[in-house]
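I have placed the structure first, in the form of structure tokens, so that the comments after it can refer back to it.
Naming follows writing order (A, B, C and D), and every chain is counted from residue 1.
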Amino acid sequence: MAGNSFGRAFVVTSAGESHGPGNVVIIDGCPPGLAISAEEIALELARRRPGQSGLVSPRDEPDRPEFLAGVYEGRTTGTSIAILVRNVDVRTRDYAAIIDKYRPGHADYSYDAKYGTRDPTGGGRASARETVARVAAGAVAKKLIRESFGAQIVGYVKQVGAVVAEVPEPARVTEAEVERFADGTANPVRCPDEAAARRMIALIEAVRADRDSIGGVAELVATGVPAGLGEPVFDKLTADLGKALFSIPAVVGVEYGSGFLAATMRGSEHNDVFVSGSPIATETNRHGGMLGGISTGMPLILRAAVKPTSSIAREQRTVTTDGAPTTIATKGRHDPCLLPRFVPVAEAMVALVLADHWLRWRGQVGRR
Amino acid sequence: MAGNSFGRAFVVTSAGESHGPGNVVIIDGCPPGLAISAEEIALELARRRPGQSGLVSPRDEPDRPEFLAGVYEGRTTGTSIAILVRNVDVRTRDYAAIIDKYRPGHADYSYDAKYGTRDPTGGGRASARETVARVAAGAVAKKLIRESFGAQIVGYVKQVGAVVAEVPEPARVTEAEVERFADGTANPVRCPDEAAARRMIALIEAVRADRDSIGGVAELVATGVPAGLGEPVFDKLTADLGKALFSIPAVVGVEYGSGFLAATMRGSEHNDVFVSGSPIATETNRHGGMLGGISTGMPLILRAAVKPTSSIAREQRTVTTDGAPTTIATKGRHDPCLLPRFVPVAEAMVALVLADHWLRWRGQVGRR
Amino acid sequence: MAGNSFGRAFVVTSAGESHGPGNVVIIDGCPPGLAISAEEIALELARRRPGQSGLVSPRDEPDRPEFLAGVYEGRTTGTSIAILVRNVDVRTRDYAAIIDKYRPGHADYSYDAKYGTRDPTGGGRASARETVARVAAGAVAKKLIRESFGAQIVGYVKQVGAVVAEVPEPARVTEAEVERFADGTANPVRCPDEAAARRMIALIEAVRADRDSIGGVAELVATGVPAGLGEPVFDKLTADLGKALFSIPAVVGVEYGSGFLAATMRGSEHNDVFVSGSPIATETNRHGGMLGGISTGMPLILRAAVKPTSSIAREQRTVTTDGAPTTIATKGRHDPCLLPRFVPVAEAMVALVLADHWLRWRGQVGRR
Amino acid sequence: MAGNSFGRAFVVTSAGESHGPGNVVIIDGCPPGLAISAEEIALELARRRPGQSGLVSPRDEPDRPEFLAGVYEGRTTGTSIAILVRNVDVRTRDYAAIIDKYRPGHADYSYDAKYGTRDPTGGGRASARETVARVAAGAVAKKLIRESFGAQIVGYVKQVGAVVAEVPEPARVTEAEVERFADGTANPVRCPDEAAARRMIALIEAVRADRDSIGGVAELVATGVPAGLGEPVFDKLTADLGKALFSIPAVVGVEYGSGFLAATMRGSEHNDVFVSGSPIATETNRHGGMLGGISTGMPLILRAAVKPTSSIAREQRTVTTDGAPTTIATKGRHDPCLLPRFVPVAEAMVALVLADHWLRWRGQVGRR
């Protein structure tokens, strides 16, 4: 019942399937007067679109956004904003052979169990195609929080398989470093540690050649976030960020600050001491920028674990929709590793949470 | 703005501080006709209450719940339920010395930054005392899902510091095994691997003697959950469970199924194959019972990383509320390790999510 | 902040302006398996569209709905549904002369006061053009409640100016009687009392010739609604229906059952006595089908008062956006009386409320 | 499902029955720093309490509010506020004789139809006793909007039966005029037209002597409300106020500004012209302070029609819960006319809506 909206003050509602006419998103609650253009949306969509490099799905989607409502003469009016991105490169024939089989690792079975029916073409609503709506809305949220309080969100690939990047100062990584190597060429794996990036690329190519897939971890950093965002108890900033990231397809783990490593630490080594300054800060940032679920003014640092792509070209055992044993080998156009295209989607979700909590804070407490 | 409610169909709203008159929770949307008694609530509260063993805070709270509304002659009426738990053992003097200092790892600073004011006694709303409301509401949710579809939720301590329990079959662990050792004596650390439990107890006692604290990991297992719970896109069952666990004080990481380990896996080794049966199941359960964010009928398996208690008796550097350098040593009655008392709170949150999604599913799809 | 959604279980979110690219609506929470076609939507849209008779605005909008998502092979999938209706006959030049004047009775001034900006073309979001989204979503809701429990919603014009129709048995009026006269010709004023309808038509034509407008009252009747819909306290069925109708542009009063007449009645003459039967019913229906805010199984009867169209061709005094005195005469294409086209919009809103409360009831209480 | 909350930014959730332990309300989202005392709550509760005059129910409830949470040293902290009002004068024996009969005009039957069960003592959740929670929360809202922007809400009885008060300037009526006659004695009927008030009192006394009840109309006026409150489309200020008033027990009609009279008016006589000034205003106020659903800065003027009390001492026909014909005469302690005690409840609901929309506006648009 009604799970296609996100946020309470900056509210995003989406609809759309992989092989339907398109994806549409309505943003409700965006402040008036924000300058935003279809080009700005398109730039973010280009970062998540398939076909952008040899490492990702070859599906060829131009992903041209159209504002249907809410923007007048280049600025938001304060009323609801709608953005439509039509699907173009739809090849339903790719799926005909597997329509009556439950793909391992996919939502085919759980959707059937839930609804008793399902759009089987390209995964329908369960396809990662829906993330186009998240990125479109996230582009508006990013602009809003940048203009409102100078926040920047940078995501990057921290790990692919066993290859782990060295990123000594997460809060200093720039989007430029993530998108391009030092020589200016595109960094298709979006990892700012170039040596690790080269190894990740090699690994992904090997995995693909092996008709397999591989998992990984992305790290998200938000700087310029003022202290005081997040709500007590249930709507902690940590909780809403956790939900935001877990809502992205294929995410199986989320942590912030010290994360799971904190399990092995003592309070005396984990606590970050407060130090004088304006504003007050902490000497270290093991708390990932949030205490009691509320931002402290330190950079927010989160990580999300992403499972290996479920669709692989190898033959796997499974059952038909009638429950009979069979085998399957997925032929569609899939990413051998989800991480490179996951980065802009995760950034978008972080932006949506920050925009939402910024407006919530301003509503309750006001500008001081 | 308004972060003290949780759920959409089974909606829980709470209020209360550590040292105020008490904590109250309103449950809205509970089906009518559910048999529930104050004794059942009290049993769950007893599992989270301080003073239950030498490993936890010595604060002495009887935690006697009073139904204020919504139950008539021992059964829910369908209207809103209210449960009040008064605070009894309030020692505000413990906090007088630290009222103008920001405790490292605590929410004192972020609350001040947010609201410009704060109830400093015992942490106010940011105290873990608020979890009494979660557990009271969770007791109702547990009863509902057990009666409705036979679900059982069992949580236990998986790790304390470097001590990791062996739990080969999570779905077979019983609450009895968690609460008591084989000889029938209470297991104060709630770890079903007795050898590990003994080492955890020793570790926690050593840490406390050292005026320090230690982190850990809890594992949560829900069995008997039907396939089909969870919503597409934003309100995935994974996302709402993630939010539920991240909303508990001190949680810094959440994962389900293979979790962060999935980062190093290939699709061919991670995918769980579907096998014939009624209902259809998977041969393995690396997906932790959820695909596409929707339950598959396999056991739900989640883990939460809990940081070491921030309050420690050791002297730490910090600043005053005016920003001047100072030191602090917290004197209150604190748990050297949060994990033992975390278990019933985490179970309650899982129960709230399952009750909510069960009603959401029934509303949209109906009973077939 | 975020006022463009309606409902809790059957949730409708809309976006769109009078002179923008179009209007879009997302329906979230609709049960799966409902057969619905663009043609069914188009039929309802045709009832509200301008240009359908000489009594209404001559704006020529074909209002062809496009399903963007949520429907697969003619049936809802359970995921979010999106419907797009493009604007075609946009004549922005009609408004250029008045862009810097506050039209009396319009929302120009209040929008400027709220947002500090506004889309002035055709009234932007404040135009009744947005009701196209309500009617599109309402068509889905009507189908759902008809298929689920046989509910029928019939609206008609009860009063225009001083002309009041005689409708002795509201629950027996059919849509056919509302849409057509006894001779089969179209009834452009949607009043089932033909004699009154003829007088209303003459009145509306006289008013238009006089470059003026006129108010009226519509009556809404829902039959086949089971007892038990509506929630205690705040979300009474009466309250949600009241909100639904008050949210339609130009509504200034709402009543149900005896309505304002109840102010002059005694309890002994107002109370409807219960009588035996299966199900139990009331002998009379002064309560309009709802007691304690919950449906009783008797027909729901509501009335909405609609003010005269604010846009009139006569010269009126007003001020410019800078506050200087001026005069204005609105030239656009307006309805001299809003009532005929109000009927399908009001029916749609009633349908949305009933669909929502039906799913809410089913979620909490289940099918017995 | 979950109808016991109201508001989106200033969110009120209540629980409680007529004859249960008490009523409790949680307010979530109230700004921090608001000075509020139990005495201020008690003052408003005293205006709605039974037993305050010979015209109302003799039930003797002291209605002493207790803050359970959210207020520290006399000021709100920004976290959730809880207020408990215990029931004291509970005489369940009054109801024993009618427990198996459906009282005409009451919610007994519709609750049974909804839930299959019900708390029959004193009407349970369907009793007007629940309005104690509304008034307690409304007292906080009133204080908030008075402190934030100087708003005042004054309600009074406009009509009882056929007795209609003359109130030429609604926006000038003060609470003092409503509560007391010119000679300083209490005005038990809360009508500021003293001559009409005397006739109303006589009428109510006559009706009670006749073991009957009588309906009426209340008028609500809010002054000092800034232009710009209310949301486009569904959450219009008119719509949320309409819902707020329709949610109060016994309300059967709501109108604002010209209301139902607008049905007979022409646009040229109904439109209020804008006039120069700072801020811009309208010359007349037929629009009741709201255009396009958004406040204009003019006083808000609403009216609510309230049906005659359903409980009357006369014998009426009805059926038993098994459907067998019977008769009933209600013996409880009821108001012969609901209007005098309705006034503070309606004021509270208007205050809740204004507080909510004020915070919503501030969140989205910010303070300019």
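The rule is short, and it goes like this: a contact is a pair of C-beta atoms (placed from the backbone, for glycine too) under 8 Å apart; a residue touches a chain by one contact, two chains touch by 3 or more.
This is a predicted model, so every value here is computed, not measured.
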| item | value |
| --- | --- |
| Furthest chain, CA centroid comparison against chain C | B |
| Contact-richer chain pair (by C-beta pairs counted) among A-B and B-C | A-B |
| Between chain A and chain B, centroid-to-centroid distance (C-alpha), Å | 26 |
| Geometric centre distance via CA averages, chain D-chain B, whole Å | 39 |
| Intercentroid distance (Cα basis), chain C paired with chain B, Å | 46 |
| Chain D, residues touching no fewer than two other chains | 1-5, 8-9, 14, 29, 32, 78-80, 114-116, 125, 232-233, 359-360, 363-365 |
| Of all residues in chain B, those that touch chain D in their complex | 1-5, 8-11, 13-17, 20-24, 26, 28-29, 32-33, 66-70, 72, 75, 77-82, 84, 114-119, 121, 124-125, 359, 363 |
| Chain D contact footprint on chain A (complex, rising order) | 8-9, 29-32, 78-80, 232-233, 359-360, 362-367 |
| Residue numbers on chain C that touch chain D, as the complex places them | 1-6, 8-9, 14, 102, 104-107, 109-111, 113-116, 125-126, 130, 159-162, 207, 212-217, 226-236, 238-247, 249, 251-260, 262-268, 270-280, 282, 287-288, 290-297, 305-312, 314, 316-319, 323-325, 360-361, 363-365, 368 |
